[in-house]
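Look at the two complexes coming up: subunit A is in both, with subunit B in one and subunit C in the other.
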Partner chain A sequence: MNRLRNTRRSLFLVPALALLTAFVIYPVVNTVYLSFVSSEGAFNFPGNYINVLSSRDIVDLRGFTRGFPFGALIHNLIWIGIHLPLTTFLGLFLAVVLRNVKGSTFIKSTIFLGMVIPMIVGGVLLRFMFDKDAGILNAFLGAVGLTTKSWTAYPDTALLALIFGSVWLWTGFSMVLYSAGLGTIPKEVYEAARVDGATPWRMFFKITIPLLRPITIVVITMTVLWELKIFDIVYVATAGGPGRASNVLALQMYQYAFRSRIFGFNEAAVVSTLLMLITLGVAVPMIVSIVRKERR
Partner chain B sequence: MSRKTVYTIFIHILGWSIALIWIIPFFGVLMTALRPLPEIIHGWWRFESFTPSFANFIEAWNHPTAALGVGMRNSLAIAIPATLSPILVASIAAYALARFRFRMRNLLFVAIVALMTLPQQMIALPIFRLMSDLRLLDTYLGLIIVHTAWGIPWILFFLRNFFATLPVEIEEAARVDGASDLRIFFRIVLPMSIPALVSAAVLQFMWVWSDFFLALILMYTPSQLLATQRIPLLRGQFHVDWGVLSAGTILVMAVPVLVFAFLQRYYIKGMVGWSTK
Partner chain C sequence: MRRILVALLALGLVGIVGSAQTLTVLGPWASGGEMELFIPVLEAAEAELGIDIEYQTYRAEDLAPVLTAQFAAGQAPGDVIFMWPWFVADNATHALDLTALINPAQFSGGALDPVTVDGHIYGAAYTAKVKPGFWYRKSFFEANNLSVPTTWEEFNQLLDDIAGIDGVVAPIAAGDGVGWPLSDLAEHILVAFGGPQLHKELTSCACISCGNWKSVFRAIIVDWFVYWIEMGYFGEPTEWTQAVQLWWDGDYPLYFMGSWITGMDPVTDKTDIGVFPIPGTQGFVQAVDYAFVPAYTEYPDEAQALIQYLATAGQEIQIAQGGHLATYSLIDTSLYPPESKAAGDILVGKVVLTDLDDGIGGDFQTTFWDQLKLLLVAPERADEVIDTIIEAYDAECGCE
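So, the complex of A and B:
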């Protein structure tokens, strides 16, 4: 009787697990396998990895003496280095400041709009903003006497333009998460601290920041994952150019698989596998904290 | 004026200026889309003359090589089933994961969380071959299946966390009355979970609608291309036609923006998760 019930209950999981196995887990395993073999199917480790890494598409050390391109992986890291601190701090700052502003719901929705629109649209908007003639940025720069140009069209500025533009798209995410987090901190905590004579700054650093720690872990993890997976924006705004100066890992993988004359699926699988290893590495702290929360 | 008043005025000016800066690009594409080319050639922010028309929207909608009207219909035909089917499949599994005890439950949970972080590039190549073998390449059904499978981990995770917050007493009472697990799930648990199901549906719909990468790999017949795939095609080969392109981006983003406007509460709840409340 009990065994029958357990069998019937495990059926609840069958459709989901079957779909996951066939269309997610099998492909993941197969991608790793593809990265280990040649296009004829012969075992070829670490041949593919050496081919890809020596192609200078992923890491190009010449960039450090000559400027862009630095290679797709370094471009992703630059993206993280600039975009992560900017969006995280700006989001926290906005969440704190807007608490006491009338009409903050509207302001927040406006800032969050960048998260709601498809990223392919986001990429077009960035290109539009930075355009020499059509873009508002150059109108401002021109008005104060600075150089105007299509910032996405030159190797030395293309990647940076996309990175700073994507701050505009993504800041809403950390702002909304921090806003929700601030709402969960009980007012009594602050009142008690105020009675003890704590200054607003001290309360912010000693109460708010520590209590927001779980949110910060989520914000940082999700933001880094987004920065690593970035594809649509670059595809539509610069196609990784000019001269690969704004290429990123996800786009490099697509180009190897479907656009390259020299490389094919196996080299693309190498890029995918590297990308997955990095994303998994980044996600481990969040996964551990979720699992630990379960155990309690 | 007290310090507090000065501060209040300051943060209001600051907050609203930031909102203004944030909205300028959206206002820019709207102005560009609404006005004829001669008026915007020196910048959409010049208003010496202002003759709004829907010509650019109509052109984007009926574009000769990338008609957005067809693209948006295709996107809907994918997004609606690719929203409903993963929710059905994942909600049943999420209930089992939240309530039933079985071996490897914790391992399964960790695996689900890990799958949520995967990049789509990791499944792209085998999916392309698999769909080709199954003769599902370049079909709506193929893309719907992939989106369904891809959506399962996060929906499962999200709904499991929600189901875990529901009081177990009602289900136990029903079980004492002789109701089966399946009946309890459909008649008691699902009706209590409608807000969570709406949250999951809103987010999944928006992601499928916004998806570009999977569509790019799996759909290639021109008449079948989805709305997001048509945006790069609207750009024009040699010079960018900003009027038509702007109108196109507005049409494609209008759907998620409207969903967000009307179901914002559910969207934010889904985004933040039910764990932080």
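So, the complex of A and C:
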């Protein structure tokens, strides 16, 4: 009887499994397969990987002597290195500062608008925001007597402009998560600390941050995943230029798949597989951490 | 209940029978002038052919991945699609053969070559835009006692004179964005100093016959393009449609652009604009718009009729509005407005050339565009830029 019941229950999983197989498992397996074969279908490992990883589009060591570009892979790492701490810290800072402020709901909603905007639109906004003649940034810089230029048009500033611009787009995400997390910390903990003579700074570092650790793990993981697959902002704002100075892996994958005659779907599959492996390297520890916590 | 069912069935039948065939045309022209000039052509086609037509704006760069994926699934997002000629040729197996519909003898010389594969024509040539030179406002020149240069010395003196005028940011607007405005200018410089034959052979990937083209190419770019950049004659890279407004407002009195500029919104007085090339230029790039009918269209007969119309009678309607030149030789040339005639007159006695990056395509096109954007802001990296462009050209054309 139990067996029959279990079988019936399992049948309800079939539609979901079928969709998962068709739209997730099969594409992933096929992509990995494509990365191992040539365009004629012959086994070509590690040929495809060597072709891609030795391409200056992916890693350009000349950048360390002459400046940008450094290659799409390094650009993604730079993006993570700058964008992640900034958005994480800013999100936490804003969540704490706006915690008990009148009108905080409205302010938080305004900040969160960056997340609501489609990234394609965000890219267009960034392109014009950093424009020398039309950009708001240059209007401000010019007003205080600083140099103005089209920041996304120069190799040394294109990627950095996109990174700092995207901080505005993504900070709302970390702010909202931290706001929710702050609401779960019992007030009694802070009261007890106050009674013991703890200063606000001490409470922040010894109570708030440790208790927000699960939120921080989620924020960091989701932010890194977003930074790895960044495409639309770069495509619209700079198309990866000038001179590949703002190129990223996802955009390079697109170039290989749809614009290149020399490289093709196989090389695009290599980039996709590499992205997947890096993503797993980030996501798996988070999942393990959550599972361990649930088991406790 | 029965009556309701019968009524619903009747409505459904009316819907099926009453619905007209609607062809979808995909083109790169967006609102702001260009689309408004193309719509009358489609309206005339609707009236002539008795079909409904829907137009959708789709840039070629965005259409490339869409078409690649849809062709693999045996589908197409439109019935008549405007696309790069190299893409049409590369995807000839996914396009209808138009050889029986289009007579190459009725089109300007070589217009259909880029879309002809093994003697079969897979695309139709629509109108062309010529890239004749530097557009300027006559009123600005008159107000500042400037004149159109006829010699190389006068050209350089003109740039110097303009640079010294109050209110001018820089003599030449640098249209940016995707990168093709800069590549158009680079090609003009290449033709001016290297000659039309060099450009022609480069476009046809005839790398062997060019001889030592690489050193010639390098010398031209360094000695002239880089020289002008370092002299400060170019403005800050600006999105190209925004640059049109700045040009019209006088921030940048000269703008190297195609003849379509005459139909764009900021140009409110077409009698006030003129154009001149680098003196002595013997050839001009003509960018032809090409369209094809995907093999997966639901309406092959109607789509072929439409594309034939666009390639022939449709061109008359387009050119009469300005900014375009006909590739169809049987049109009434008196329909050209004065500003288009001026651009067309520049071509008289000169060699008409195919756009270099549109003709070769692939990695070369994206690299050419991208590297020129770098050259404009970092001329000190000219050697690296030129090496990268040459490398991409060699790889694309299969040169050693």
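As a working rule, the second predicted complex is superposed on the first by the 293 of 296 C-alpha atoms of A that agree within 3 Å, B and C clash if a C-alpha of one lies under 4 Å from a C-alpha of the other, contacts with A are read in each partner's own complex, and residues count from 1 in each chain.
Methods note: a contact is a pair of C-beta atoms (placed from the backbone, for glycine too) under 8 Å apart; a residue touches a chain by one contact, two chains touch by 3 or more.
These figures come from a predicted structure and were not determined experimentally.
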- Query: Who does A:166 touch here: subunit B (first), subunit C (second), both, or neither?
  - Reply: neither
Inquiry  = Looking at A:87, would you say it contacts subunit B, subunit C, both, or neither? Reply first, second, both or neither.
reply    = neither
Original post:
Between subunit B (first) and subunit C (second), which does A:257 come into contact with in this model arrangement: first, second, both, or neither?
Top reply: both
Q) Is A:31 in contact with subunit B, with subunit C, with both, or with neither (first, second, both, neither)? A) first
### Query
Once the shared chain is lined up, is A:244 touching subunit B (first), subunit C (second), both, or neither of them?
second
With both complexes overlaid on chain A, does A:134 touch subunit B (first), subunit C (second), both or neither? both
Comparing subunit B and subunit C in the superposed model, the one touching more of subunit A is B
Per the contact definition in the header, classify A:271: touching subunit B only (first), subunit C only (second), both, or neither. first
Both subunit B and subunit C touch subunit A at residues 127-128, 131, 133-134, 254, 257-258
Residue set of subunit A touching subunit B in the complex reads 5-6, 8-10, 12-13, 15-17, 19-20, 22-28, 30-31, 34, 94, 97-98, 100-104, 106-107, 109-114, 116-121, 124-125, 127-129, 131, 133-134, 136, 139, 168, 173, 176-177, 180-181, 184, 214-215, 225, 228-229, 231-232, 235-236, 249-250, 253-254, 257-258, 265, 268-269, 271-273, 275-276, 279-280, 282-283, 286-287, 290-291, 293-294
Note: in the complex, subunit B contacts subunit A through residues 8, 11-12, 14-16, 18-19, 22-26, 28-29, 32, 40-45, 89-90, 92-93, 95-97, 100, 102, 106, 108-110, 113-115, 117-128, 130, 145-146, 148-150, 152-153, 156, 181, 185, 206, 209-213, 216-217, 228, 231-232, 235, 240, 242, 245-246, 249, 252-253, 256-257, 260, 264, 267-268, 271-272, 275-277
Within the complex, subunit C is touched by subunit A residues 66, 127-128, 131-134, 149-150, 153-155, 239-245, 254-255, 257-263
Touching subunit A in the complex, subunit C uses residues 61, 64-65, 68, 90, 176, 178-179, 236-239, 242, 246, 251, 361-363, 365-366, 369-371, 373-374, 376-378, 381, 384-385, 388, 395-396
